[in-house]
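Each of the two complexes below includes chain A, the first together with chain B, the second together with chain C.
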Partner chain A sequence: MIEFGHFALALAWILAFGASITGVVLGSRAKAQLGQIEVVRRATMAVAACLGCALVALGYSFVTNDYTVQYVWQYSNRSMPWIYKVTAIWGGMDGSMLLWCFLVALFASFVARASVSYPRPLVPALLGFLNTSALFFTSITLFFTNPFRYLKTPVLMPDGNGLNPLLQNEYMAIHPPMLYLGFTGLFIPYAFCMAALASGHLSNDWVRLTRRWTLIGWTFLTAGIVLGGHWAYLELGWGGFWAWDPVENASFLPWLTATAFLHSVMVQERKGMLKLWNVFLVTLTYALTVFGTFLTRSGIVQSVHAFASTDIGWTFLLYLGLIFVVAVALVIRRRHELSPQRTIESLFSREAIFLLNNLVLLSICFAVLWGVMFPVFSEALTGQKQTVGIPFFNAVNVPLFLLLVFLMGVGPVIAWKRSSLRLMVRSFAVPFLGAFVVGVALVWAGVTEFYPVLAYSIAFFVLMTILGELQRGLGAQAAATGAATLAPSNAVALFRRQRMRYGAHLIHFGVLVMTVAITASMAHKVEREFTLSSGEKYSVGRFELELQEFHDEEQANYDAVQAHVALKSLKDGSLLEVMAPEMRFYRKNKENTTEVALRMGQREDVYLVLAGIDETGTRASFKIFINPLQVWLWYGAIIMVLGGFVMALPLPRQATAEERSRGRAEQPA
Partner chain B sequence: MNMWIVAAAVMAAILAFLLVKPLFEPALSVEADLKGDAPLRNLLDEKERTLRALKDLELDYAMGKIGSEELEPARRALALEAGKLLEEIKRNGGR
Partner chain C sequence: MGKIFISLVSLFIVVGAALIYSSTTGTSSLVLLPSELVAKAEAKDLRRIRIGGRVIDPISYQTEPSMVLRFSVKDPKGGEQAVPVVYEGLKPDMFAAGRDVLIDGDFVGGTVRAAKLQTQCPSKYEPAVPGAQQQAPKE
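For the complex of A and B:
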C-alpha cells in the first residue's frame, strides 16, 4: 500500500506541475481552445484525487499497524485506540504536510469545478495559480517530508514509538483539519487576485467571486483557532485558553488580514476604491499562512505546538519571496488599472470606518508579528534570545481590540458616502447614553479597573447599535411590505433579502459575546494553589472542596491516578459534583501529563488541576481556577462560525462582466 | 505488492484517458477569446456600482441614516451618472 501512496503523491506532483505551467501559459494568450482549458480543469481535480488516494494509503498503514513505515512507526503504537491512529496521520510533520497538500488541492478542485461559470478570461490563469500553490506543497511533501518511506534499520520497539500524549485527545481529530482548512482556504483569494492581475480581467467579477471563498476560509480558520483555544484550555492545565504562543499567533495573523480584506473588499465592490490595498491584503494573507507553516516547521521559535526543527525552512522563505515578487511584478504591470475611481468624501462614511477598521486590524497584526519575531531579531542583534510575554501582547492589543469592537458598532450605522451628522447623533445618542450608564453602574458596583469598565461599556454600546439596526431594518421592511414590524415572517423576509448584512451582524454579535467573556475571565479570574489530605476541606469563592479519595486506573496506553474531590456550595453545603482531576503516565512515551477536571457553568467554570501527590500517597496539591463567564467565549465563537457559514452560502448567480458585455446571460463554457 | 502496482497502473491509465479526452471532443475545439472588451467591461462595472449605490441610498434613507434633504440631491446625481454610463455603454456596443 505504501508504494501506491508514494505513486499517487508523485502522480499528483506531475499533474500539478503540468497544470500550473499550462494554466499560466494559456492565461497569457489572447485565445485558447476550450478543450485545452478543460484539460487543465480536469488536471486540477485529478491532483486532489491523487492526493486523496495518498492520504488514504497512509491512513491504511496507520490503521493496519504497518510499522515497517518510518512515519507510522514514529507516531503510532499498537496499543493506541484506533481514533488516535487515524489522527496520528497529521500528528507529525510529514503527514501534516500531506494533509495540507490534499486540502490545498481539494479547495483548488472545488474552484476548478465551479469555474465553468466564471468569466472565461480569468479561468486559465486562475487554474494555473491554484496549481502553482498545490505544486509547491506537493514538492515539499514529495522531496523533503515524504511519509512513504520504510524504516531503514530494525528498531527496539517493533510496536511503534507512539504519539505524543498531549496529542492523544479528541480535539486532535477536529482542530488541525479545521485550522488547515482555514489556512488552505485563504490561498484561493490570492489565486483569484493574481489571475485577475495576470489576465487583466480586473472587473468586479474576481472581487465578487473571491469574497465567498474568503468567507469559507475565514470561517474554518475562526473555528480552527477557537477549537485550538478550547483544546489548550482542557489539556494544558494552566487555566487559560490563549497564551500568545508563537504558533497560536501564527494562526491568528492571517485571520486578522483576512478579516480586514472581508471589510475592504466591500468598498472596492461598491465604490471602486482600495483596489491596490486589497491586492496587498490578499497577498499578505496568503503570505502569512505560508509564514505560519514556516514558523511551525522551521524550529526558529519555541512552542508547545511546533513540530520538531527541520531543515526545510529555506523552501518556505523562498516561496514567500516568490509570492511577493509575483504580486509586485503584476501590480507594476497593471498599476494604471488599479488606480481608484473615487476618493473618500467624508470621514463620517462607512468606507472611512472600514478603512479605519483595516488600519486597526493591521496594527494588531504588526504588533503580534513583532512579538513573535522579537526573539529572532533580538538574537540577531544582541546575540541573546529575548522573548516578550503575555503582558506585552495584552498591553498593546487590548486597547486596539476595544477600538475595533467600538468601530464594529459605528460602521453599520453610518451610511455609504456621507452620513448626516444630525441623524448620526440621533442614532448614537441612546447607545452612548446606555454605555455611560453601564460604566457608572459597574464602578458603583465595585468594578474599578479601567479596561474592564471600558470593555463592558463598549460591548453594551455595540449591542444597542446592533439591536437598533435590526429594529430599523424590520421597520423599513414592514413599511415596504405592509407586514407587522415584529411578525416572524417580517424578520425571515428581511434576513432572506439581506442575508449578507444580517450574517455580518450575527458575526459581530458573536464577537461581542466573546468580548464580554474574555473581559470577565481576564479581569475577575480567581486562581489558588492548595494542598489537601483525605477528608480535608478548602474554600474558594462560593465553593468548598473536599478531598474524598484517590483512585488508580489502568488503560491500554497509560496508567492514571485520580483524585476524587467533592465540589460543594459554600452557601448551603449541597454537593454540586464530584470532580476527578488526574495524573497520567504514558508507558510507551515515559511521559507524565495532567488531566483537568472541569465543571462548566453559565456563570463560571470551576477548573481543577491535580498538581502532585506526595510520597506517602495520602496528600495532594491542587490548582484551582474560577473563570467567570468562560463558557460564553465558546458560545460567542459558535455564533461567529454560524454567521460565517450563513454569509458563505451561495448567493443567486449574477451575470459576469463578460456575459453582460455580450449583452446576454449565457454560460461561458 | 504486485496488486498495488496494477492498481497504480489502472489509476494512471484512467486519469490519462479522462485528461486527454476533451482535446478530441468537437464541441471543445472552439477557440475562446481570453482578452474580452476591457473598456466595455469597466463601463458595465461602473453601471453596476452606480445602480448599487442607488439601492444603498434608498436603503440608508429607509433605515434613517440619511434625511430627505440629502436623499434627493444624491439620487439626482446618481441617476445622471447612470444615464451617462448607459449612453456610453450603448456607444461601445453593449446593452
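For the complex of A and C:
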C-alpha cells in the first residue's frame, strides 16, 4: 500500500508540474484553444484525485497497523481506537503536509470545475497559478516530508509508538482539517488575482468570482480557529481559550487580512476604488498562510506548540519571497490599469468607513505580527532577545477591536459616497442614546472598569443599528409586497432577496455575541484554589461544591482517578450536577494529564480541575474557574460560521445564467 | 489617491506605531536560557524574564494550603547550571523531568518566581526513530 501511496504522490507532482507550466504559458498567449484549456482543467482535477489516493493509502496503513511504515509507527499504536488512528494521519508533520497538499489540490479542482463558466481569458492563467501552489506543497511533501518511508529496523516492530495523549481527542478529528481548509481556501483569491494581472483581464470579474471562494476559506478558517480555542478550553485546564501563542497568532493573521479583503472588495466592486489595495490584501493573506506554516515549521520563535523544528523552513521563506516578487512584478506591469476610477469624497461615507475598517484590521494584524516576531527583531537590533506576552497583545488589541466593532455598526448603514447629516441622525441617534443609557446603567450597577463598560455599550449600539436596518428592510419589503411587516414570510422573502446583505448582518451579530461573551469572561472571571476531604464543602459564587468519593478507572490506554464532586446551588442546596474531574496516566507514554469537568450554562461555566490527591488518598486539591457567559462565545462563533455559509452558497440562478450567456458570447471568437 | 485615503492611512501609521511602541516597552521581557540567567544576574534581581529550560529533578508539588510547584531548570541542550523555580499554581499537564518548559516571571533572590508556566506542547512529541539511530526501543 505504501508503494501505491508513494506512486500516487509522485504522479500528482508530475501532473501539477505539467499543469502549472502549461497553464502559465497558455495564460501568457493572446488566445488559448478550448481543448488546451480542457487538458489543464482535467490535469488539475487529476492532481486532487492522486493526492486523495495517497491520503487513503496512508490512512489504510494506519488502520491496518502497518508498522513497517515509519510515520505509522511514530504516531499510532495498537491500543488506540480506530478513530484516532485515522486522525493520526495529521498527527505529525509529514502527514499534515500531505493533507495540506490534498486540500490545496481539492480546492484547485473545485475552481477548475467551476471555471467552465468563467471569462475565458482568465482561465488558463488561473489554472496555472492554482497548480503552482499545489506544485509547491506537493514538492515539499514528496522531497522533504514524505510519509511513505519504511522504518529502517532489522526486525518487524510489534507495536507503534502511539499518538500523543493530548491529541487523542475528538477535536483532533475536526480542528486541524477545518484550519487547513481555511488556510488552503485562502490561496484561491491569490490565484485569481495573479491570473487577472497576468492575463490583463482586470475587469471586476476576478473580484466578483473571488469573493465567494474567499468567503468559503474565511468561514472554514473562522471555524478552525474557534474550534482550536474550544479544544484548548476543554483540554488544557487553564480556564481560558486564547493565549496569543505564536501558533494561534499564525492562524489569526490571515484571518484578519481576509476579513479586510472581504470588506474592501465591495468598495472595488461598487466604486472601482482600492484596486491596488485589494491586490495587496490578497497577496498578504496568501503570504501569511505560508508564513504561518513557516513559523510553525522553522522553530524561529518559541511556542508552547513547538513543532518539530526542521530544515524545511527556508523553502517556505523562499516561496514567501516568490509570492511577493510575482505580485510586485505583475502590479508594475499593469500599474496603469490599477489606478482608481474615483477617490473617496467624504469621511462620512461607506467607502471611508470600510477603509477605516481595513486600517484597523491591518493595524491588529501588524501588532500581532510584531508581537510574534519581536523576539527575532529585538535580538537582531539589540543583541538581546526579548519577548512580549498576553499583556502586550491585550493592551494593543482591545482598543483596536472595540473600534472595529463600533465601525461594524456604522459601515453597513451609512450611505455610499456622502451621507447627509439628516440621514446620519436618523440612523444613529437612537442607537447612540441607547448605548449611552446602557453605559450609565452599567456604571450605576457597579461595573466600573473602563473597557467592559465601553465594550457593552458599543455592542448595544451595534445591535441597535442592525435591528434598525432590519426594521427598515422589513418595512420596505412589506410595502412592496403588501405583506405584514413582521410576518415570517416577509422576513424570509427579504432574506432571500438580499442574502448577501443579511448574511453579513448575521456574521456581525455573531461577532457582537462573541464580543459580549469575551468581555464578560475576561472582566468578571472568578478563579479559586481549594482542598477538600470527603464530605467537606466549599462555596464560590452562587455554587457550593462537596467532595463525595474517588473513583478509579482503567481504560485501554490509560488509568484514571476521578473525584466526584457534587455541585449544588448555594441558595437552596439543590443538586445541579455531579462533576467528575479526572487525572489520567497514559501507560505507554508515561504521561500525566488532567481532564477538566465542565458544566456549561447560559449564565456561566463552572470549570473544575483536579489538581492533585494527597498521599493518604483522602484529600483532593482543586482549581475552579467560574466563567460568565462563556458559552455565548461558542454560540456567537456558530452564528458567524452560519452567516459565512449563507453568504457562500451559490449565487441565485439568474446571475449564473447571465454568466453562462456571456461565456457563450465570448466563445465563438 | 485621494486626500482622505492618504490622511487616514498616515493617521493609522502614527497612532498604531505609538500604541505598539508604548505597549512593547511596558510589557516586554528578556528571553534567557538558565545559564544566561545565572551569568547575567550574578547576585542581582531581574524583573520580567522568560526562561526556556528543561525540567530536572527534584520536583516537589504541594497542594495544601495552596498549590506550589518547585523544581529546577537547566539549558535544554545540556549545561550544568540549574536554576531553582517556584510556581504558585496548578501543575500543568505533562509536566515532568526532562520536559521543556517556558517560564514567565521574575528572578528574585536567586530563584525564578514564575507567574506563568507552560509545558511545551507535544506537537514536538517526536519519538526517536529506531532505524535512524540504530537502536530499537526496549519492548
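Please note the rule applied: the second predicted complex is superposed on the first by the 640 of 669 C-alpha atoms of A that agree within 3 Å, B and C clash if a C-alpha of one lies under 4 Å from a C-alpha of the other, contacts with A are read in each partner's own complex, and residues count from 1 in each chain.
Throughout what follows, a residue touches a chain if its C-beta (ideal position, glycine included) is under 8 Å from a C-beta of that chain, and two chains touch if they have at least 3 such contacts.
Nothing here was measured: the structure is a model prediction, and the numbers come from that model.
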*Mind checking chain B and chain C on superposed chain A, clash or fit?*
fit
*Which of chain B and chain C A:378 touches, first, second, both or neither*: second
*After lining up the shared chain so the two structures overlap, which partner does A:175 touch, if you call chain B first and chain C second: first, second, both or neither?*
neither
*Determine, under the contact definition given at the top, whether A:201 touches first (chain B), second (chain C), both, or neither.*
first
*Classify the contacts of A:505 with the two partner chains as first (chain B alone), second (chain C alone), both, or neither.*
neither
*Should A:33 be classified as contacting the first partner (chain B), the second (chain C), both, or neither?*
first
*Regarding the shared-chain residue A:211, is it in contact with chain B (first), chain C (second), both, or neither?*
neither
_Minimum C-alpha spacing, chains overlaid - chain B and chain C, in Å_ = 19
*Within the complex, which stretch of chain B touches chain A?*
1, 4-5, 7-8, 11-12, 15, 18-20, 22-25, 27-38, 40-42, 44-46, 48-49, 52-53, 56-57, 59-60, 62-67, 70, 74, 94-95
_Of chain A, residues touching chain C in the complex_ = 70, 73-74, 92, 151-153, 155, 157-159, 161, 164-167, 236-238, 302-308, 340, 343-347, 352, 355-356, 359-360, 362-363, 366-367, 370, 374-375, 378, 384-389, 391-392, 395-396, 399-400, 529, 531, 591-594, 609, 611-612, 614, 619, 621, 623
*Provide the residue numbers of chain A that touch chain B in the complex, in ascending order.*
1, 3-4, 7-8, 11, 15, 26-27, 29-39, 42-43, 46, 49-50, 53, 119-121, 124, 199-201, 203-204, 269-272, 341, 413-420, 422-423, 426-427, 469, 472-473, 476, 479-480, 657-658, 660-661, 663, 669
_chain A-touching residues of chain C, taken from the complex the two chains share_ = 1-5, 8-9, 12, 16, 19-20, 23-24, 26-32, 50, 52, 61, 63-67, 89-96, 100, 102, 104, 116, 118-127, 129-132, 136-137, 139
